[in-house]
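We call the chains A, B, C, D and E, going by the order they appear; numbering starts again at 1 in every chain.
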Amino acid sequence: MKLKLGVFIPELLRHLFKRPSTVSYPFEKLNLPKDFRGTPVLRPELCIVCKSCVRDCPAFAIEIETLSEEEKKYRMTIHNDRCIHCAQCVESCPTGALYMNDEYEIATDSRRKLKIEYIYTRPKKAAQKHSEK
Amino acid sequence: MKRITIPIGPQHPALKEPISLRMTIEGEVIKDADVRLGYNHRGIEKLAESKTYIQNIYLMERICGICSHSHTTCYVQGVEALCELEVPRRGLFIRALVCELERIHSHYLWLGVAAHEAGFDSLFMYTWRDREVVMDLLEIISGNRVHYAINTIGGVRRDLNEIQKEKILEGVEFLKKRMEYYTNLGTTEPSFVGRVSGVGILPEEKAMALCAVGPTLRASRIASDIRKDDPYGAYGEFPFEVCTADTCDVLGRVVVRVKETIESLNIVEYIIRNLPEGEIKVKAPRRIKEGEVVSRYEAPRGENIHYIKSNGTDKPERLKVRAPTLANYPATIEMLKNGFVADIPLIFAAIDPCICCAERFVEIIDERKGSRGIMTMAEIKRKFKKPEIKKDFVWPL
Amino acid sequence: MAIIKELVYLLVYPGMLFLFLYSTFCEWFDRKLYARLQNRIGPAYTGRFGILQPVADFFKLLFKEDIVPEKADRVIFSSLPVIGLATVVSAGLYLPLWNFDLRAPGFNSFQGDIIVVLYLLSLPTLILFLAGWHSTNFFSTLGGVRVLTMLFGYEVPLFLAVLSPAVVADSWRLAEIANFYQQFPFLLAFQIIGFFVAVVALQAKLERTPFDIPHAETEIVGGTFTEYSGKKLAFFRLMTDIEMVVGSGLMATVFMAGFSGSVLPSLLIFVLKTLIVISILSLIRATFSRIRVDQMVVFSWKYLTPLAVLQLLISIIVKGIIG
Amino acid sequence: MMDQTELIEKIRAHPGQELIEISSPRERRIFVSVKPENLIKTIRLLKDDFGFYHVSTISGVDKISCFEILYHLASRSASLTVRVEIDRNNPEVQSICGVIPGAILYEREIQDMFGIKIINIPDPRPLVLPDDWPENNYPLRKDWSFQPPEEKIPGEKE
Amino acid sequence: MIERLIKWSRIRSPWILHLNTGACNACDIEIVDALTPRFDVERFGILLKASPRHADVIVCTGPATRQMKDRVIRLYQQTPDPKFVVAVGACAMSGCVYRGAYNVIGGIDQVIPVDVYVPGCPPRPDAIIDGVVKLLKKLENL
């Protein structure tokens, strides 16, 4: 191996007159790839409260509370401050009630704002069958 | 000269390998070194016993942010062996593809970090700029830049389509060109070579006795690579060479990694061109049969080994993880002895302990407790009044 | 009248105010160029093109809390940054920038002022050493020791290289040296080696890559500055910046024939020439990796000093021929 | 390279070995059980005569009835696990650092996590657990459990 | 006038100290990534500093581990006022997948006050920049 003084200079000078490779974020948003794993979102009308998502979520980010047994009223809380955006819940959900959108710039100054609650009643069997098609 | 002991670290970003090095030095020369782990210790092994096999995939992934795929692959391989699942070939190929892309990103990252440790910021900037190309490829394959979450028990979660394949080939082309340039640069730039050659010598016998792994071992003339010695997944089919160097120093480790990157780029190309058709995964049972398994994997930094013992439930009985960096610490201590203070970061970076932030931590240990501050700007202070620090946090033990 | 002129000279141009503004501009220029060499943008949104970035840094530090480590000697620890700043500013006053009458030298131009400037420029190094030593932090102490070790390396070649143009010009006065080379610009061609040696030594004096050994972040955190915060850090940073301006101004005076004419043209020439020197410094910073302190000493005694001696020989021969 | 059945035969036929059991559940994996007192001897034999020079790691399992310690050795052709079972009431085992110095960190880890006393360990200080860790708490024992502290989210209504 | 100068300079020059309190490294890498040519946070005047004495913003990654807890507090105290803390990643917010592990507190806000939370595991570098920009906005309105 021979040493050459200043081998890097040509490369450096070449780039001096090139456009920098810096993107102008945050003034221009970046393109996201298709299927980017952003934030999990629930479609309450599809959820049959089977709790597969709760069981499989590695970060305990989903909680389902029963508000009323007779009315079949439930509250699902997605803790975005715990979520690791792995999309396992989407995969586990038998009805496709959960999906990932592509939001990722959700920084805030309070953890409370990251907690998303859905209050819903469990849909009737028929309605749910329908939407599966 | 007076001997003094200085703390380097207390904390190092890798999960299993958070570290505090205590150096005893005389002037600028290191006389002795000692390691203390535990700053990053989170108790993953215990935690794993209380999580299901599926949840554990994601836990394993988060052992480490650089070789995240290594840990999941090693883990799912083990679980698949336990329940005797036959993973479809396409699944294995995609897994290997992500493995190699990860190796490429890790070695690019490492080259940058090594340059940064040597104070060569321009090279750091250039390599990391080019690393973005790999990150983009990984993102289009898996949907996330770092924790790909592509492995699942029984195969992989996402398939590849034609557009993605094309993009990967394009990226590989570009990366190969750049890596060749960096090979040339890294081995001919006098100030850089002056910093890395002859530094951190680890002779062959010592490397063996101290159980070094990965590029650190290979830079000491030993051609050991789990991908060749104990082929897992689809690695039996890929043509590639095990790269070694015989200088036994940091320069050798640079050379090994650079060569390996080029090999990996070739493997990626091979995988894309020979990707078999078919399913990508098979369904896995939730409960895993009783048994035990040792799973080995060649991570970018060396051998990664998981020992899994199952007891027939949906949670493992015992999950032991040995990440490669840990295996290299005894060797590192050997290398540090009689080196210069200036070489600590380089030698340390040479085993690639995900040092990228290893020195950012460098806690300026200021043992005099509660160094006093003069409040010149009382007003500002009031304005930025903060909630109290919770010093009284009690550990429930 | 003379007093007012001198006050203006001290405080406004080319004294404090000018040096402050121009040094922040130079820092911006250096950072921007360095960033562009690395294919990035560099400071961009503070003022136009980020030109006010160093100013913002300075004021922010000025208004931050200021911590003195408990074990450190409070008086020394706090006074060092101010002394350092004072030395570089006074070194700056000797640059032949405004009222340099060759026949009637004023208070800031006299035979031998080149030596005074060189010594004033050595002082910041000592101050850095003291600052490191008095921080009582291990990393700072190590940084301080490295500062001193490096000083032995680069000081001799720097002096030899800077003095050799003076030998040819047969004067120890900056204004006269500059004037001499304005009359005989071709003689500068014989000073190329000296210029190279002096720029490298200046890079070492400013502790920039590849000689940023005393505050190598990856090795010893902030080196000598580790314990400094708030105002004191602001002054130290300003000190380094002004040192860079004065150093490159010195290079421009002795190796590039100085700055002639009245206030405005001389200012323009000054800016142009110092920016050329600073560009070279930035390019060096981007091209190399940091070397070890022992390598640095070996380098300067094996290559820099012999080259500087060679330059001195050439100068003496040239002197003999033209004299 | 030797195939594992051949290797097993060779180990079995080797004079001076005192194995309780040897098996190979899958390719290139060998499990060997020995008595604690024969541990050092076996490891030395495996290293000197069969090329298992590399300690990949040492893991332990709490089997309630006893502790099981597994030494994962590796050569270029296979991975071999030496299993010893030790008494839970008097957990002690010899250090193998005399044979393979690279095992030191793993032994320290085992010591921390299971509270197993390693006899003749060159460096007995704790490795992974925090400095202020209370004594006689060994996280990986099955009878040790941990209740996480309640989380207080700042700004949350109490 | 002075007030405005102070505020202006503070917003324009946030120097960060990167502190890993037991993270898996991915967040750290993404923070470093934000410094490199593609994202280049130096545009905003952000510099990465090695010493807490020089920093204004502590960027924390990782769930606070037991061993790190005291050090986090000490580093926080060593940083001169005014100082701000950004928690990057699910770990620093809540402990992520390590919730319930014996050596993890779970979330850096259990130890020191946090100003901005950046979700993600790891957050993309642009999400981190977004978090810092939100911190600066918060400062502006203070």
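Keep in mind that, in the parts below, contacts are C-beta pairs under 8 Å (C-beta built on N, C-alpha and C of every residue); 3 or more make two chains touch, one makes a residue touch a chain.
Note that this is a predicted model, so its numbers are computed, not measured.
> When every step has to jump to a touching chain, what is the lowest number of steps that links chain C to chain D?
Each step joins two touching chains, and the minimum needed here is 2.
> What chain lies farthest away from chain E once each centre is taken as the mean of the Cα atoms?
D
> Decide which interface, B-E or A-C, involves more C-beta pairs in contact, and give its chain pair.
The comparison resolves to B-E.
> Work out the mean Cα position per chain and let me know which chain is farthest from chain B.
C
> Which whole number of Å gives the spacing of the CA centres of chain C and chain E?
Comparing mean C-alpha positions, chain E is 35 Å from chain C.
> For chain D versus chain E, what separation do you get between their C-alpha means, in angstrom?
39
> Rounded to the nearest whole Å, what is the centre-to-centre distance of chain A and chain E, using the mean of the C-alpha atoms as each centre?
So the centre of chain A lies 22 Å away from the centre of chain E.
> At least two partner chains per residue is the criterion; list those residues in chain D.
129-131, 139, 146, 148-149, 153-154
> Mark out which residues of chain B touch at least two other chains, giving numbers and ranges.
Residues 38, 41, 43, 46, 55, 58-59, 62, 122-123, 125-126, 129, 147, 189, 359, 362, 364, 366, 371, 373, 377, 380-381, 387, 393, 395, 397.
> Residue numbers in chain A touching 2 or more other chains?
8, 12, 20-22, 58-59, 84-86, 110-111
> Show which residues of chain A lie in contact with chain C when the two form their complex.
6, 8-9, 12-13, 15-16, 18, 20-22
> Can you name the residues of chain B that touch chain D in the complex?
It is residues 35-38, 41, 43, 45-46, 81, 208-212, 224, 229-230, 291, 293-294, 296, 303, 305, 307, 309, 317-318, 320, 322, 326-327, 329-331, 387, 393-397 of chain B that touch chain D.
> Which part of chain A faces chain B closely enough to touch in the complex?
Per the touch definition, chain A meets chain B at residues 1-5, 7-8, 11-12, 21, 33-37, 55-59, 84-88, 91.
> Within the complex, which stretch of chain C touches chain E?
Answer in residue numbers: 31, 35, 38-46, 50, 52-53, 55-60, 62-67, 217-218, 221-222, 225-230, 233.
> Hey, which residues of chain B end up touching chain A in the complex?
51-52, 54-59, 61-62, 122-123, 126, 129, 136, 139-140, 143-144, 147, 149, 152, 157-158, 181, 184-185, 187-190, 193
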